[in-house]
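Step one of this worksheet: look at the structure below.
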Amino acid sequence: MRSDRTLTIVTRTLAVISAAIVVLVVGFLLRESTPALRQIGVSRFFTDASWHPRSGEFNLTPMIVATLVTSLGAIVVAAPMGIASAVFVNFYASRRLAAWHRTLIELLAGIPSVVFGLWGLVVLAPIVATFGGSGQNLFTATIVLGLMVLPTVALLSDAAIAALPREWIQGAAALGIGRSAIVGWIVLPGARRGIGSGIVLALTRALGETMAVLMLAGNIVEMPSSLLSPGRTLNANIALELGYASVGHRSVLFVSGLMLMLVVSAIIFLVSRQRGTRRDR
Amino acid sequence: MLITTENVSVSYNGRTVLRDATIDAKPGSILGLVGPSGCGKSSFLAALNRLTEIIPGASVSGRIRFDGRDLSTVFPSSVDLRRHVGMIFQKPNPFAMSIRRNIELPLREHGIRDSRQLREITESVLRDVGLWDEVSDRLEQSALELSGGQQQRLCIARALALKPQVLLMDEPCSSLDPLSAERVEQLIDSMRGQYTILIVTHNLAQARRLSDQIAIFWIQDGVGRIVEQGDTEEVFNNSANPIVSSYLSGRQG
Amino acid sequence: MIDNGTVATAQHDRREFCVTVAVWCAAMSVIGVLIWILVDIAIGGLAEIDPGFLVEDVQNAGREGGIGPIILSTGLILVVCLTVSIPLSFGTAIALTERVGAETWFARNVRRSLDVLAGVPSIVFGLFGNAFFAMTLGLGYSILSGGLTLACMVLPILIRTSEQAIRAVPAEYRYAAAALGMKRTTIIFRVVIPVAMPTLAAGVVLSVGRALAETAALIFTSGYVARTPGSLLDSGRSLSVHIYDLAMNVPGGGSRAYATACVLVAILLGINMATSLLLRMTGLRHRSETGAAC
């Protein structure tokens, strides 16, 4: 059994390495952030006059707001459409149409964000521009971001709805309850856990998205005053400025990255906790 | 209501499971549908309330008549049909909601919105199935917390609330413990005369106890068929069909 | 009662109609947008592509010429990524499926850290890769840095799909082999993995798709250089980075960006088809072994 011992040792070591990567990532983020945290201090990220790194101003607030607006806005777009899509595929479409629809949604999920950004830039932005401005603003970015995370909501809701016991639906139909009422009163409440985790996962994806938003939100760092204002998210900011940042500036960028990661990890941790307790029951 | 079917056949994805089912159910009577598994009995019931419409790949042919008139003329809308023809399933399937809402939801869907009316109907049907004394103090609790027998009686109450004329029952007692099964059976017996009941059952003794008429299903040439029909005692005692008499005496099937 | 019925039916029908229309509209607009995007990319891109496009050198900052060196760099980055991530993930998957069914403390925590890793934003991977691979390990802006960073990114997906592939192998196979006195190592390598192979391959292909779509992580690790790389330590540009550069930094680069996007989407579509083909193979294999369809 010696080769079995070797196998166990080797595979467990590999597993530990895999698990350790996350620790490594956090570690390096902390290491690079420490100069900024120590010399500039967290409160200044919210109280400085503006974001002008070269003059030593490091207010992150406009970018935090832009990040929240685009991510939450993306959910506002993606959630109803994704849930409707899942309902469509399970209750309104013929079997062939449903199969096609599912395939198309999977395709949508695979399109790279730069391609979304490119399309948004060339096709969508000019359309939005007819309402004023250059078309490169938070609104365009939010719509495209919504399209990008829609498959996540759709696919997870679809799975949750398909997993409902068929007796519930047959029983309701046998009572003469109409299709829309079955969907509204029985299916959606029954599948709400799966749909909920689809939405949360979509939110984490939206928060983590960089390229499409970078290409579409216009790149002015200021507090957005309306949906048609341009803005810059934290991710886009890192992508734009890391290349030429001086040491102090670079450190602040790492702080913003750390912030993002902590928020996303917290959400994921809470969700996996909840899912874990459900499994134990 | 008098139900007659003429040569009803049911197939799933091209494969026929029931062929040429012709029966007569007299108003207010209990018609037992018996036979071994796989003879198409449940499919027959599903054809009667058009539940086959939501089963993928199912198709039905043949004529179904209520009081002499074609089903599709009397009830062009399936929603309307199912108000008059209720169905009880083998495994109790209450909704994951409170007991009260289980009964009120179908009522609301069919247009009864007045809360006093709803409460009256709820109490009345729960009394009819003998559940009122057991659950009147916990109507807001989830129906899933009831025992199997209570859940099945709740499902019957739910169906009765719509004041149907016909009840289709697919082995309503088979997943219940003996005590609950007996209570449900007594309930069904008490409904004789008020409703036309078609009940599928594997339990020959139950069929003999409950049903006024009986229809025997059997598999012939790979599809289900009705091989005999008539008054229950007649069929049990004097069947001319050798398969039927040996099945009913427990020697086969 | 009759009046109630009539009113109810009319209200009923109206509501059914509205909901049906709403659901169909939503579903059709989703499909519509997808088709719009694909058609747009195809039309814009195909116009620019000729056979030479895929092999020629990049000229005039990408406004002319082809994407030969870009494809080469992308391929090299993928090779580095897979060389590191495949052994790591297969090994981890085997470790996680040691006990059939039970959830050990070890497995649960490895899984939890992988879940967190899976959610890390791609730009944060870019920061990490830049700080760790490029700076601390001294690899600089290179294909090696980019490939290693991508390996960290695809690890969670690859581990999850490999684990599922291994778990999908019926336990009876393992029991039969163990009853014949086979060692665990032999069971895994000679019985379980061959059966799980199509699903394992599908997982790898899925990860390749994910890696190809990555941009933010590569900008700060493998860099921007559009020349043909001479070695793994040279900087190289991937397809997605090229699209980004042409769209944002190069005036007039739009049409070439479309062409490159077209190539990238075509590759991804191919990957999508390969994945479903592989997964369908698993189904077929099972059916032939158990006889009739269950």
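By letter and in written order, the chains are A, B and C; residue numbering begins at 1 in each of them.
As a convention for this text, contacts are C-beta pairs under 8 Å (C-beta built on N, C-alpha and C of every residue); 3 or more make two chains touch, one makes a residue touch a chain.
From a predicted model like this one, the values you see are computed outputs, not experimental measurements.
Chemist: Relative to chain C, which chain's C-alpha centre is the most remote?
Modeler: Chain B.
Chemist: Counting C-beta pairs in contact, which chain pair has more, A-B or B-C?
Modeler: Looking at contacts between chains, A-B has the larger number.
Chemist: Rounded to a whole Å, what is the gap between the Cα centroids of chain A and chain C?
Modeler: A distance of 17 Å separates the two centres.
Chemist: In whole angstrom, how far does the Cα centroid of chain A sit from the Cα centroid of chain B?
Modeler: Taking the average C-alpha coordinate of chain A and of chain B, the gap between them is 49 Å.
Chemist: Counting in whole Å, what is the centre-to-centre distance of chain B and chain C, each centre being its mean C-alpha position?
Modeler: A distance of 51 Å separates the two centres.
Chemist: Tell me, which residues of chain B touch at least two other chains?
Modeler: In chain B, the residues touching two or more other chains are 79-80, 109-110.
Chemist: Among all residues of chain C, which ones touch two or more of the remaining chains?
Modeler: As it turns out, chain C has residues touching two or more other chains at 12.
Chemist: Which residues belonging to chain A are in contact with no fewer than two other chains?
Modeler: 178, 181 - these are the residues of chain A that touch more than one other chain.
Chemist: For a test of understanding, state which residues of chain A touch chain C in their complex under the given definition.
Modeler: Its residues touching chain C are 1, 3-4, 6-8, 10-25, 28-29, 31-32, 80-81, 84-85, 87-89, 92-93, 101, 104-108, 110-119, 121-123, 147, 150, 154, 178-181, 183-184, 204, 207-211, 214-215, 235, 238-239, 242-243, 253-254, 257-258, 260-261, 264-265, 267-269, 272, 276.
Chemist: Over in the complex, which chain A residues touch chain B? Could you list them?
Modeler: Those in contact with chain B are residues 95, 165, 167-178, 181, 185-186, 189-190.
Chemist: Within their complex, state which residues of chain C touch chain B.
Modeler: Where chain C meets chain B, its residues are 4-5, 7-9, 11-12.
Chemist: Applying the document's contact rule, which stretches of chain C touch chain A when the two form their complex?
Modeler: 12, 15-16, 18-20, 22-24, 26-27, 29-31, 33-38, 40-41, 44, 87-89, 91-92, 94-96, 98, 106, 108-110, 112-128, 130-132, 136, 152, 155, 159, 183-185, 188, 209, 212-216, 219-220, 240, 243-244, 247-248, 254, 257-258, 261, 264-265, 268-269, 271-272
Chemist: Quick one: in the complex, what on chain B touches chain C?
Modeler: Chain B reaches chain C through residues 77, 79-80, 109-112.
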